[in-house]
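Shared between the two complexes below is chain A, which has chain B as its partner in the first and chain C in the second.
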Partner chain A sequence: MQTAVSIKDLKVSYGPTVVLQNLNLDIRPREFLVLLGSSGCGKSTLLNAIAGLNDVSDGEIWIEGKNVTWAEPKDRGIGMVFQSYALYPRMTVRKNLAFGLRVAGLPSDEVNTRVARAADMLHLTPLLDRKPAELSGGQRQRVAIGRALVREVDVFLFDEPLSNLDAKLRNELRVEIKKLHQDLGNTMIYVTHDQVEAMTLADRIAIMKDGVIQQLAPPSEIYHRPANLFVAGFIGAPSMNFIEGRVIKTDAGFDFETGDTRFSLDGYHGAPVEGPATLGFRPEHLCLEGISGPELNGTVAVVEPMGADTVVWFDWHKQNFSLRLMGDSGFTPGAAIQVGIDLSKASLFGADGTAL
Partner chain B sequence: MTRSAEINPRGAKPTRITAGRIGLYAFLISAALFFTVPLYVMIVTSLKTMPEIRAARIFALPDHLDFSAWKVAWAGACAGAECAGIRAGFLNSVLITLPSVVISVLFGAINGYALSFWRPRGGNLMFGLLMAGALVPYQVFLYPLVRGFAALGLYNSLIGIVIVHVLFGLPLVTLLFRNYFVTIPEELFKASRLDGAGFWRIFLEIMLPMSVPMLVVAAMMQFTGIWNDFLLGLVFAGRDNLPMTVQLNNIVNTTTGERLYNVNMAATILTALVPLAIYFFSGRWFVRGIAAGAVKG
Partner chain C sequence: MARRQKKSFMPALAILPTWLTVVVVYIGAMVWTLNLSFTKSKLFPSGAYVGFDQYERLLGSSKWIKAVSNLATFGVLYVLGCLVIGFCLAAALDRKVRFENAFRTLFLYPYAMSFVVTGLVWQWLMNPVLGVQATMQGLGWESFSFDLLTSRDYAIYGVVIAGLWQGSGLVMVMMLAGMRGIDVEQWRAARVDGIPAWRVYVSIILPQLGPPLAAVATLLTMGVIKTYDLVIAITNGGPGTATEVPAKFIMDNLFQRQNLGLATAAAIMLLMSVVIIVAPFRYASYIRAKRKAGVL
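Up next is the complex of A and B:
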């Protein structure tokens, strides 16, 4: 298979601390891959290793068919955008964009053409003679993207590019980045801790924890078929509801038992195995009407109206669960509530946390 | 009824003179006097004639302005047998200070840059040793340095004294720049590496233009330190290169006949004039640079 970026048995350590070990990852050409995880999971370390800004202890990094494990950052054919923008404060936007090309020794008309093209693409043309301090956060980040753009490389690396922006700008630039990817067709590797960015931008998401990729799959698969408990709990807001219990084999199939409640697992897509297990279901996969599967009879605790939808928190067997309803709900705290679990969309995790 | 009910607070809070305010101003004024009174005495004394000085009214203004003491101090005062004033010392001080400042600030900036961004192997150890070196009183180094310089043929020469000043200045300047550069986001360094810039290009085109406030602070600290130095100049400069401070001492301590207080005062002011002027005209930069080094972002 043709790959744009290929990581083979990568190991990165800072002194005695091993951050990444035996990491393998293949990224397809023109793919938008998001590395998602909470801070300290190794996602930025991986990105820096691909960029050549971190030394690797072992393994290989291939970019566009070349082994670049020992290559200098500038020779790897990559452009990178940083969280803090990292614009050169004493240079104008034009000089910021041109710096890398000037260092590379490109003829000045080629430099000017490329800068003009990038500025045009990112709507920076009127700002070319300003200093970074005279720009807004969104404009600065566009300059940072432009600096990667002028290099005309095949692979773009983004290190939490939107984290320093306010919510509104973040949404706008997110759409711009997606559009940019559609127009350019470059390979993009994007690090973030924001699951909304990951879900909306990615062709595939790699969820990382403690330096290990937990699941590598398209967003909808990550959302609907999480590979393990960590992924299930990490993605989704409010997060997935969990019930702990055990799976029991019966003549007809499998039952799930928790406390004094027991129900059949008929309709579950996976292959249950007898033993301790956790049943997970998302807030929107509970229904109030047409209940066919297991049923929860609880008490409403808190109602959170969000406009487009409403999250109803209810207690069942001293546990807290969330239910997402479209539009407004008629519930008030203290009211009785009867909901059914849609088992076809639920997830079941075995004793070791992996999906069954 | 409480007081707050009687008065309805509205608008700007009225300022009130409190005991604390009075104490604060009293302290500030006395501190200012502590430094200005000696200066005042020096200036008026330098403008008086010797008979006036003998009248022993040190705070009185001179009867008429008499600049002859300044002329003597500059060009005619005697240090031992030589009567050439401190003019020659002024030139020596300039010749010693300028190269010493430029070289030590430049090397310190390179050191600080390399230590905070490139993190060479053993860099922390080197930095630790440099700091330890800064803590050892430099009198300890005098004898070994004199012997070493004599062996190299640099003793009693301009180059020798400049090297000594650069060596003793490096720890502090390195510390200043290292602490300044660690406040610069590392991503800026990473971005310039991705752009293909190397050690020197990043230093000259990215980092140096960003560190103007720190350059000013380091240059001013080095300038005043080296200009005011006495011991190193006395030991290492040699007879022909004695800095102004040493020559001032020779003039003031020469006792042949009457002590010319007006000449001594004028010579002292002349010696202190350069650092004084520097602080006076670039104090704003100095404060800004100190703040830039201390506060992040």
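Up next is the complex of A and C:
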């Protein structure tokens, strides 16, 4: 299969600290891949290694069928957008866009066409003669994207491009980036710690922890079928509810036992194995009516109305659980609540944390 | 109300000594100098006013003209040279070289020295009989010559070299500090753009170093105008008047030639030239500040 970017057995270390080891990742052409993880998980290191801004200790990086492991960043066919925008502060927007091309020795007609095209695409045309200091954060980030755009490369790298913006701008620019990807059809690799960005933008998400990719899958799969406890807990807000217990084999199938409660795992999609386990279910996969599976009888602790939906926090067996309801709930703290778990959408994790 | 007065009284009291110094020493001395420059004072101050006679004498003095032109040569070469060398040194150290701290100390060290020491060191180095020239010739390079200080035409460049050696380190430290304040992501962006390092320094980094550059240029220029000890130690103004500078001219006339009137006239001329150079800059920054505040 043709890949846009291919990473083979990559190892990156800073002195004795190994950040990435034996990392393999294939990115398809025109794919929007998001590297997601909390800070220090190695996602930026991986992106910088792809860009050629970090030295690689071992392994290979292939971009568009060429081994670029030791190539200079400019020769890799990449454009990059940085968190702090990294615009050249004393140059106008036009010069910022054109500078790299000029230095590369492109004829000035070509430079002007490319700059005009990028400016048009990003609605920067009226701002071309301004300096970065005279632009808003969102405009600056658009210029930074433009600087990657004029390079007319196949692969775009984004290093947390929206994290310096306020929430409203972030939403707007997120939509713009998605539209840009649909219009251009380039391969994009996007690093973020924001799961909303990851879920909304990605064709596939690679969730990383401690330099290891935990799961590489489309957003819906990551959300509904997390590969392990870390992924399950990382994605989703409020996060997934967990009950610790053990799986017991019975004549009819499998039971889940926690404390003095025991219920059948009928309807679970996976293949449970006997032994200690954790049952996970998302707040919206609990139901108040038509309960068919296991039941939890608890007490409402806190109600958080959010407009479109309401999160009800309740206590059951001294543990705190969240329940997401559409619209308003009508619950008040202290009230008794009876909810059922939709086992067909729940996840079960074995003793080592991987999904069963 | 009483509290408010007390509040403004304490700062005023604290600032009073400085204020007195400014009024009495600086402004007082300036007025007194200006006054003397219109008299025919010789060894002692005299009250006999002669109008602009001293100034006419001054402008007619070939020694003064030579001193001013030397100052211009020295000033331009010294300030520009220090800026260029200092910037290059800073750029070199900015490349994350090994032993950066050692190099930084080494390059800044001359600045910690008195100009007299610098002058003496370079006087020896450039002395044809015992300096670099003698060493190189002793090693067998018979035609080697490095005797700027003995030449009437080139002695001033010898002084410039000594000055550069002393002043470049300061520029380097200021520029290096400025470079370290620049966002590293700009470097990454430039690498992705494929911009060579020297081009990044010239086109991206240098334009951002405006404020430290202005500060250091001001410091160096002030040093130029009061250049005295360096010249005294290295050439004592010679050969002939080849390295004569205004400050030395003033000191000579004050204390050796007993020519108080001429010396004060020269001092006033020096002051006026500083005002003429500095005033436009001050005015420009004043206008800029006003514009920024939205007043203009």
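Things worth noting here:
Here is the rule we use: the second predicted complex is superposed on the first by the 356 of 356 C-alpha atoms of A that agree within 3 Å, B and C clash if a C-alpha of one lies under 4 Å from a C-alpha of the other, contacts with A are read in each partner's own complex, and residues count from 1 in each chain.
By definition in this document, a contact is a pair of C-beta atoms (placed from the backbone, for glycine too) under 8 Å apart; a residue touches a chain by one contact, two chains touch by 3 or more.
Being a predicted model, the structure only gives us computed values, none of them experimental.
Aligning the two structures on chain A places chain B and chain C in a clash.
In the superposition on chain A, A:R147 makes contact with both chain B and chain C.
When both complexes are overlaid on chain A, the residue A:P218 reaches neither chain B nor chain C.
Of the two partner chains placed by superposition, chain B and chain C are both touched by A:S84.
With both structures placed on the common chain, the touch criterion links A:P73 to chain B and to chain C.
When the two structures are aligned on the shared chain, A:G100 is found in touch with chain B and with chain C. By the touch criterion stated above, A:G275 is placed in contact with neither chain B nor chain C.
Where the contact sets of chain A with chain B and with chain C meet, they give residues 48, 51, 53, 72-74, 78-80, 82-90, 99-100, 103-104, 147.
Touching chain B in their complex are the following residues of chain A: 48, 51, 53, 72-74, 78-80, 82-90, 99-100, 103-104, 147, 159.
For chain C in complex with chain A, the touching residues are 183, 185-186, 188-196, 199, 203-204, 207-208. Interface of chain B with chain A (complex): residues 185, 187-188, 190-197, 201, 205-206, 209-210. On the chain A side of its complex with chain C, the touching residues are 48, 51-53, 72-75, 78-80, 82-91, 99-100, 103-104, 144, 147-148, 151.
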